[in-house]
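What follows is one structure encoded as structure tokens, with my remarks underneath.
The letters A, B, C and D name the chains in turn, as written, and every chain counts its residues from 1.
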Amino acid sequence: MARFLPLSQAVSENLHDGDSVAFEGFTHLIPTAAAHEAIRQGFRDLTLIRMTPDVVYDQMIGMGMARKLVFSYAGNPGVGLLRRLRDAVENGFPNALEIEEHSHAAMANAYEAGAAGMPCAVFRGYRGAELARVNPNIRFIECPFTGEELAAVPALRPDVAFIHAQKADRRGNVLVEGIVGIQKEAVLAARRAVATVEEVVEDFDDQHPNLTILPHWTITAISVVPGGAHPSYAHGYYARDNAAYLEWDKVAADRDVFRDWMDRNVFQARVEDFEQRVEKLRVAG
Amino acid sequence: MARFLPLSQAVSENLHDGDSVAFEGFTHLIPTAAAHEAIRQGFRDLTLIRMTPDVVYDQMIGMGMARKLVFSYAGNPGVGLLRRLRDAVENGFPNALEIEEHSHAAMANAYEAGAAGMPCAVFRGYRGAELARVNPNIRFIECPFTGEELAAVPALRPDVAFIHAQKADRRGNVLVEGIVGIQKEAVLAARRAVATVEEVVEDFDDQHPNLTILPHWTITAISVVPGGAHPSYAHGYYARDNAAYLEWDKVAADRDVFRDWMDRNVFQARVEDFEQRVEKLRVAG
Amino acid sequence: MTGADFTPNEMMTIAASRALGNDDVCFVGIGAPSAACNIARLTHAPDITLIYESGTIGTAPDVLPLSIGDGELCDTALTTVPVPEMFRYWLQGGRITIGFLGAAQIDRFGNINTTVVGEYEHPRVRLPGGGGAPEIASSSQEVYVTLAQSRRAMVEKIDFFTSFGHGEGGDHRQRLGIDTRGPTLLITDLAIWRPDPQTKEFTVVSLHPGVRREMVQETCGWTVRFAERVEETPPPTEQELSILRDLKARTEAAHKGR
Amino acid sequence: MTGADFTPNEMMTIAASRALGNDDVCFVGIGAPSAACNIARLTHAPDITLIYESGTIGTAPDVLPLSIGDGELCDTALTTVPVPEMFRYWLQGGRITIGFLGAAQIDRFGNINTTVVGEYEHPRVRLPGGGGAPEIASSSQEVYVTLAQSRRAMVEKIDFFTSFGHGEGGDHRQRLGIDTRGPTLLITDLAIWRPDPQTKEFTVVSLHPGVRREMVQETCGWTVRFAERVEETPPPTEQELSILRDLKARTEAAHKGR
């Protein structure tokens, strides 16, 4: 049953050192505010799970919070590489990072399997792809009817998932719209789920009947954080801050510049700052 | 690429004797008009596929059109048994009917697998259930990670699927709303797909971004048949004619009453009659 | 009978409704289960989550649906999802606290048959089949069953294992690798039954007002076990009865009206 | 160069766009593929269906997205679906006529590496990884690849098989049970390449205006094969160029603006 909590409490109650955690969002609705709160609280030894680890995972890895990364595309989308991640993988700085690497199809199927309570996902994939050689969590089974070889990966079941969504209603049901990505699956696959939202509305009675709504009994905690997805975006609220993604490439290129940026923009910042960061990006409406 | 055709042509071009065919609809949006057109055209030797064969399949079976039925719940929902189906299974009248019986979970997964291009569906099912003994298309495989025994069924790939939907746009994209059931999966799993729709609109630009829309290149033919789902219903257009379902129980109970009813309501009827049948069931709007 | 002004069927529905709580997430079978679940919602459990296999989550119909996919269910639901998602994320995902089933035939271990009377290949009566029930029975955290007693329905040996209950009793479920609790409650028009903790045989724990033990045995095809201490089911309250009757009246009017 | 007023990169994008038709359903990779697909849509193929892995189907962005999930893609799409559905129903379902990929490294058989430079366990450069590419390469009916030529990108032997092209050539795909056509077209900033029907080795079939064979060889890490008859790629038309430049200008302004 969803409880409405301040973000600091929602994070401290649901994330612990050593957890496997998914801050999900497929370009859209990335839970940056929750990730920054986790960084301020200084968790260690995390297994970070995400299809598209981008800036927030680059930041967590750069801060030495991650023991392992499970992922399928580790880039700053449209910009380039993740330089803190590279530093960890190539140089072990600030610490060595174990990686479990998949394709998008595999990760999407693995989240789906987690949401569906399955032990594994079965799909047609990895044919001729070398990841199957280096990742022991990629196996193959035979279709019992055709004999076709199919790929299998373990279901993803994070200890906790964080998502950002547009709206909660007063009972704690959560609405996700636009590029819905993998958020519903991440929430349903996880043992605990925390949602940050742009706003709270009375109910969803006036909404279309087939929208992506997570019932309140699938969510552990909700925090209201307007702008909480910046520099990604919230469909219907504010646009993507593409300039910030371009800027990140320079920030992350240098260890000292990175630490300085983190001090100023994360450690000395507050949850409330997100609202102001999206002010100029607001969608006319 | 969807072509707009009169229903008689859409049916005659896409359904053939001996085909496997799914007239899908989960209580809502049952493509009755298309089924009645198929009955008028007198196809034989069909393999009828549907999770919930109800009145229209009772009619087709009663008319001797079916060789085989693949299904998971063969009832008149909330009313009782399907009496023409019973007559075929119990007495071989008007002809013997081969049956392949599944659970809903298996059929839903099998359509999903068909839509996803998979040879089979894998799920946690049939544990302790006797259908696995009588249906050779239910098999079990082992999860390659946990060793858990999981059920597998072949993907459903009908030769042709018929659905009824609320709207098409002028390019032939098709919108389904409300209880969307298994229609999207049936269309994507089938080699050919025919949709009857309540109306044609200019485009779907003003619609919510996450609706169930089948792109025009997934649909073979579209026929505009207002009321075409009667006695089931079309969310936003007209209500379910529950009285007709109650009445069917009496009609189907007797072979002669059934034939007489079919003569009057199908063979001597026209596609255009559906519009009039739903007149009193129209939703205030 | 004691002369109380309620029918056994009304008692059954109301007794079943009392077993449900506000925090339950119910996968609702059509018929008697649907009435019980909605009475719970309209009385002591207004926040109960009702899910129908047509994909409607958190529905609150004003009249009982005739089918599992009536428009009323979608109109009043929190959201409506595709059927594959319903069976994968919501049922198989383990989120259903109570799967609520009816039965054409049931045995003392809560195994259910809704497939055939007679042999599968040459049935005397071809019933509708399992629908959602085989996986509702195995994937719901626990299962409640409700049906009116009769020797035709409550049998020594069911003709077909549509849905697995406790099998041959004892730890049969665990031996098959089924990790959910299975049937934990049977509510008939005469009594409330719970499985014996060891044998898993359904045992009468409460008789409805005015019901004698012989009446339960006469309408049951196996030798009935009674708990050491058998309670009397509290009769329906005025409020429960009037809410049930209003619901039935609204429903009947709605299903007849064209 | 002939002095024509277009860059090799513009020629590459426009040549790639010409290979796409109105009826194509394209799974669009970000970067060069995205530009080519949108130029096709804005010129000769207005009805082309563009799909991005973020779930947007039938999108028509006014500016090029920076990421595969920009808001513009959803705003202009016919519909936007969850990511698991995108990979299951739309890609794995065989509905994509052309998967359009870029590459960090490619070999003569169209095998692609976007994972690591160096050894996987101890990479010299850790690249982003495959993302959607491994299954785009195997599930799309055919695959087009576009990249700017360089000896670093076009190599004798790729460091990692992120996405399988024609493997070691010949019938290697079929031997692995892959029933799709694989890479059928490579468009660089200097030439158009097609696989040899037998060996599947990419072969230059057309040189862009002003490009000499030596230029192609100098920027390619393997010994280049030329078709018996090598065409000259028609130069960009006025219309193609102005549409491309307008799109790029709109895009640059949009990505910089806060």
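By our rule, contacts are C-beta pairs under 8 Å (C-beta built on N, C-alpha and C of every residue); 3 or more make two chains touch, one makes a residue touch a chain.
Only a predicted model underlies this, so the values are computations on that prediction, with no experimental measurement involved.
Novice: Could you run down the chains that neighbour chain B and chain C together?
Specialist: Per touch definition, common to chain B and chain C: A.
Novice: Which chain maximises the distance between its CA centroid and that of chain D?
Specialist: Result for max centroid distance from chain D is chain C.
Novice: State, to the nearest whole Å, the distance from the C-alpha centre of chain A to the C-alpha centre of chain C.
Specialist: Using C-alpha averages as centres, the distance is 40 Å.
Novice: Between chain C and chain D, tell me the centre distance in angstrom, where each centre is the average of that chain's C-alpha atoms.
Specialist: 57
Novice: So which bits of chain A are touching at least two other chains?
Specialist: 112, 116-118, 123-124, 148, 178, 180, 184-185, 209-212, 235
Novice: Please output the residue numbers of chain C that touch at least 2 other chains, ranges allowed.
Specialist: 74, 80-81, 88, 92, 139, in rising order.
Novice: Using the contact definition from the top, classify how the chains connect: line, ring, star, complete or other.
Specialist: Topology of the interface graph: other, matching no listed pattern.
Novice: Hey, which chains are touching each other here?
Specialist: Every pair of chains meeting the touch criterion: A-B, A-C, A-D, B-C, B-D.
Novice: Tell me, which parts of chain B touch chain D in their complex?
Specialist: These residues of chain B touch chain D: 1, 112, 115-118, 173, 184-185, 188, 204, 209-213, 215, 217-218.
Novice: Taking the complex as given, what residues does chain D use to touch chain B?
Specialist: Touching chain B from chain D are residues 23, 25, 49, 57-58, 74-75, 77-81, 88-89, 92-95, 139.
Novice: For chain A, which residues count as touching chain B in their complex?
Specialist: Within the complex, chain A touches chain B at residues 116-120, 122-124, 137, 139-146, 148, 150, 152, 154, 177-178, 180, 208-212, 235.
Novice: Name, in rising order, each residue of chain D that touches chain A in their complex.
Specialist: So the residues of chain D touching chain A come out as 30-31, 53-56, 65-71, 73-74, 80-84, 86-88, 91-92, 115, 120-121, 123-135, 137-139, 160-164, 167, 173, 176-178, 254-258.
Novice: Using the touch definition up top, name the residues of chain A that touch chain D in the complex.
Specialist: 26-28, 51-52, 71-75, 77-79, 81-82, 85-86, 89-90, 101, 103-105, 108-109, 111-112, 123-131, 134, 148-149, 178-182, 184-185, 212, 233, 235, 239-243, 245-246, 280-281
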